[in-house]
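The chains carry the letters A, B, C and D, assigned in the order they are written, with residues numbered from 1 in each.
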Amino acid sequence: MYSTKIVKAENSSAAVQAIGSSKEGKILAGGMTLIPTLKQRLANPDCLIDISGCGLEGVEDKGSSVRIGAMTKHAAVAESSLVAKAIPALADLAGGIGDRQVRNRGTLGGSVANNDPAACYPSAVMALDGTVHTNKRDISADDFFKGMFETALEEDEVIEAVSFKKPEKACYMKFPNPASRYAMVGVFVAKFSDGVRVAVTGAGEEGVFRHSDLESALSSNFSEEAVSGVEVSSDGLMSDIHASADYRANLIGEMTKRAVSS
Amino acid sequence: MSEGIGASVKRKEDRKFLTGKGRYTDDINRPGQVHAHFLRSDVAHANIKSINTKAASAAAGVVAVYTGEDIDVGGPICGWVVPNRDGSATHEPPHPLLAKGKVRFVGDAVAVVIAESLQQAKSASELVEVEYEELPAVVDLETASAGAEIHEGMAENRYFDWELGDEEATDKALKSASRVVKLTVRNNRLVPNPMEPRAALAEYDDLNDSYTLYTTSQSPHLTRLVLAAFMFQIPESKIRVVAPDVGGGFGAKIYVYVEEAVCTWASKKIKRPIKWTADRTQAFLTDAHGRDHINNVQLALDSNNKIIGLRVDTLANLGGYLSAFAVAVPTYLHGTLLSGLYDIPAIYTNVKGYATTTTPVDAYRGAGRPEATYLLERVIDQAAREVGMDQAEFRRLNFIPKDAFPYQTAVALQYDTGDYEPALDKAMEMIDYKNFESRRSEASKRGKYRGIGVSSYIEACGIAPSAVAGALGGRVGGWESASVRVDPTGTITVTTGAHSHGQGHATTFAQIVTEKLGVPNSSVELVHGDSDRSPFGMGTYGSRSLAVGGVAISKALDKVIEKSKKIAAHLMEASADDVEFKEGKFTVSGTDKETAFGEVALAAYVPHNYPLETLEPGLEETAFYDPMNFTYPAGTHIAEVEVDPTTGVVEIVDWAACDDFGNLINPMIVEGQVHGGIAQGIGQALLENAHYDENGQLLTASYMDYCMPRADDLPSFKVECTNTPCTHNDLGVKGCGEAGAIASPPALINAIINALSPLGVSDMSMPATPETVWRAIQNAQARAAE
Amino acid sequence: MEIKESYDLPLPIETVWQALNDEGFLKNSIPGCEKLERISPNELSAEVKLKIGPMSTRFKGKVNLSDLNPPNGYTISGSGTGGIAGAASGSAKVSLSKMEDGEGTILSYQVKAEVKGKIAQLGSRLIHSTAKKLAKKFFSNFVQELAK
Amino acid sequence: MAEVSLKVNGKVENHEVGENTLLVDFIRETVGLTGTHVGCDTSQCGACVVHVDGVSVKACTMLAMQAEGSEVTTIEGIGSSEKLHPMQEAFHENHGLQCGFCTPGMVMSAIELVSKNKSPSEAEIRDGLEGNICRCTGYHNIVKSVQAGAEKMGG
């Protein structure tokens, strides 16, 4: 790792300020992606802004939604009885990210801000019609994710929390990459009174995306048969040494079926 | 006796590892130590036009920067060569310690930067400017055998072209066969991945003009030999090699690598201790890889379904340089095992070893024998399917009968003993083979395809006798040495040239001592891994530690007993011929005289009442043991799987292994070795693959992409043993370290094919990843629809 | 790996061709390009800062224009080294043709990319999507620049 | 450079280290406890697992400064060679280790696993050890060890 400076921010505005006064500062949340990258010397930030002391942890029931602080660890979400009751699928998703040690350190905000195309959380934010709360504004999920590793976040913006709408029913099905255990395909299906949202991660070249064909099929008939009736195209899907686009397309269908029937 | 041979004694070495007190190479630090970082080639194949180290040399903390031009000693050598079919010799191109003029794989070391801290060394290495003239990468065997040139003057880009067996008789058998079963298989390239990455710490002693090298080695004495005699050309006494606790080897830590040699060489230049520890990606790039064969197989059957001939034509991808035992693996460790445990009258094999611009390939757990077993058990399975016989019964029909031992195979080996049916029967019973079909139909109701796969294997352990190895091109001996020192108080120090890096030698070897001398395990201390403290040795590989090293200890113990009897005879005023030794006591037959082993030990060192005129004082004996033959463990593994056709995921639902390792010293440790071997075999069959792109970039260079078996990928295993004791060593033992990795891949692949055969699937490549399996199903369904 | 795509541009082919040979246009189009200087008629030196997720590396190298066939197309290729991260290179075979209406131009490209060293060793899952994304960005930037 | 103060196995460790110092390097090099190992660069192998304030973390993916003020427990801190921790004892009795390199991380993960789930099933153990790679044992005896360790720990 190149040498760097660490600033411990006490609140998000201090964090933003520190970013502003650095040349190429980076927010350090759980560090599960950032630290391995730094160890490989694949980035050379002059400053890391540690936001663990910004008071951004915690889970709140907001009636029709659940609001989770950006620095809430995956393990805390997985073990939260509030989340388990309100959106069990979200607790399941958090409990399946990485491994136990990653869940003990990794955070919701870090995962969402990074928007790794194979991360689990972005699919939940998208399928649960989430809102990303930053120090400046609220951003709807559909506006937040801008393609692989890209988000609507601006330089002077830090995620403070994410809200997830409570669905009638939801399920996340992940087919992990056998080596890295990231999602090779992850499908989050959420049924709301006004329709079904299906978000797919791990598969799209542009990162997480909503699958409109599956959504409309499931909105009119929430069943496995409805999924079978949808031809999942491999256009725009990733192809790598682990899985071709065709195979990913097949997995999207299969994981969706499993999510629907669970 | 509860701590002797045959007891599952808990391991003596556990306590230090469990409390974090293990001492691995990277745990050792020396005063004044500096750190080495190797600048490696990013390109697979290129001429080096220039290297500029000026800026790096001037960087903060840098002590020295060296390139290939600075190094005046030779590089790694080849430990085994074979004759070519035309009588010429194996081509052994030089392997410089740091690249000279050319790089031949991604990861080839181009320069070393030595600095006060590792971070400084890394930063400075970024300032080294290397100008490459890129040459075409050569990744696969097709390209390698089609006119590539990687080493100047090496004809046809081939290291060797070797044959074994009777080609004429084999081709005749193929011609006269009532059926010829044909199969082409690829044995996927693997990365050994011991959990401890390689490391070295080299120190030069100015006063004595000598070196100490701490290194992650399976064979410290061989490292000393190669460094002293072949690289530095100095007396061996000037180099001490210490392999302290070593975190797994699996073959990858047998050889002398450039990094440890460069650190040793440079430690004299800069007169400071130099430490180097690989990170995991460097381990992926530079630890010798394993396997990577393509085998064309033809099996001839007569009208009674008896095998009458086998021809195997093999292409082996050996990488950018010829690693120490790279030649032996696809030839004598592979070709000689092609008879398996079958009675095959005619066998012929030709093996061509090619250079590619990839990491050098050498021995990985099993080394040649997994490749032989894989192709053989796959073609046997296909033969059974083609003739419509049960896979187990087809094997039984062709097994070497138990009254045929010693059995001379058509490929040079003579199996001393064996009885293959009991292991097959037991494995079938363990997995409830006879009720499999009902399980298959139950699974199909759940939408799953269930399959069962058999693999019967044999292997050859303990590469010896030396004379034979030498005649076949081996450049090292096949013996092992041991010394047993009885201390005056009756405690025992055993030194061995074998090296334990997970095998539990301290426990197993102590059990031999306990059995023979009647002393408790706790009185036995094992010394190994330090070339200054143990006699010359050969190290640990090829499942040889017990069968060769353990027997050497047994022989040294016999000498100790023989001498002790003489001392005891003197003490008891009897004739040595009348003295008996049992359970730690010497008695004189027909009398009630007895004396304890401890008293004899004391008398040997305090020889107040001692036959000094005929016997030297002291009680310490050394033995060198060179086996008469290999040992031949054999057995049957049966895997049962369920395939989910919607995703192609293979779940291993049951595993039964029944192995014949001869006599067992510590069944608990043996079982553990089998578990680990099976896991690595499952890794090969389902998960692992070293994947190069067409430019020679290794795309699986971390655990993000190279799929290591994890706990949730594997089932628990049912493991049992049969026993036909080895006939040619004192302990009746065989080897057990590699069996699991040899037996398991074909069992698993056969099980998958068996599961999917109702769909018309008849082939499956390794690793059988979900997509590979899913595609096979899709293709079979598409064919069926046509 | 190969990536193909095409754009319909409401501009005459000569204008597009000119832009393809203008270093100002190219500099604004190459994602992350910080420096682009012509060192010979068909060769430019370049510095590009590439950010992919948490990774951020500066590549130094060259851009070459070859197979020039004015105004119908050329091959633009770039290669650079990113220090410890390794090296990357890519080329795009660009073809221009007149649209049927005679006014506009169809720009189509075929991209090949390869990476070396650490980025290949650690980032294999991202190589294809990243190459595709960068190519897309280059041409969409280019089209945007043209529209200005 | 920055001053880092934390407790390792109950003892205050106050050192001036580079701000980019990883917790694992702080433990191994600054404090000198070499039972915590490094087996990979991508946070997967788990040889470096320690407990920070009671939860297991990969010490290779955390900066020492992030552990400022924390209580760190390493393999050296859970038992002694005279009195092994029940989980260490269980690994010994069930031959749950071979080369020993992954063992410290494996034991630390197992202890946390059992602290959350008093009597885990085989599947739960296998799942719970997802973050620890062992190349020697095939996990068979590790699973047995964790089961036995759970019983000993009072599950």
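Everything that follows uses one rule, which is that contacts are C-beta pairs under 8 Å (C-beta built on N, C-alpha and C of every residue); 3 or more make two chains touch, one makes a residue touch a chain.
For clarity, every value in this text was computed on a predicted model and none was experimentally measured.
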For this session: Just list the two chains that share the greatest number of C-beta contact pairs.
Result: B-D
Exercise. By C-alpha centroid distance to the whole-protein centroid, which chain wins?
Worked result: B
Seminar exercise, completed: Whole-angstrom distance, CA centroid of subunit A to CA centroid of subunit C, is 31
Seminar exercise, completed: So, in whole Å, the Cα centroid of subunit B is separated from that of subunit D by 29
Problem set entry | Whole-Å separation of chain centres (CA-atom averages), subunit A against subunit B | 44
Problem set entry | Contacts with two or more other chains, residues of subunit B listed in rising order | 119, 122, 281, 691, 699-700, 702-705, 708
Seminar exercise, completed: Note: subunit A residues in touch with at least two other chains are 1-3, 40-41, 180, 241-242
Problem set entry | Shared-contact residues (touching 2 or more other chains) in subunit C | 84, 118, 122, 124-125
Exercise. Among the chains present, which pairs are found to touch?
Worked result: A-B, A-C, A-D, B-C, B-D
Problem set entry | Complex interface listing, subunit B residues touching subunit D | 10-11, 13-24, 26-27, 119, 193-197, 245-248, 250, 279-281, 501-504, 668-669, 671-672, 675-680, 702-704, 708-712, 714, 716-717, 740
Problem set entry | Sites on subunit B touched by subunit A in the complex | 119, 122-123, 646-647, 687, 691, 699-700, 703-708, 713, 769-771, 774-775
Problem set entry | Interface residues, subunit C side, partner subunit B - complex | 83-84, 86-87, 114-118, 120-122, 124-125
For this session: Could you pull out which subunit D residues touch subunit A in their complex?
Result: 2, 18-20, 22, 41-44, 46, 49, 55-58, 60-63, 65-66, 109, 112-113, 128, 130-132
For this session: Would you mind writing out the residues of subunit A in touch with subunit B in their complex?
Result: 1-3, 41, 175, 178-180, 241-244, 247, 250-251, 254
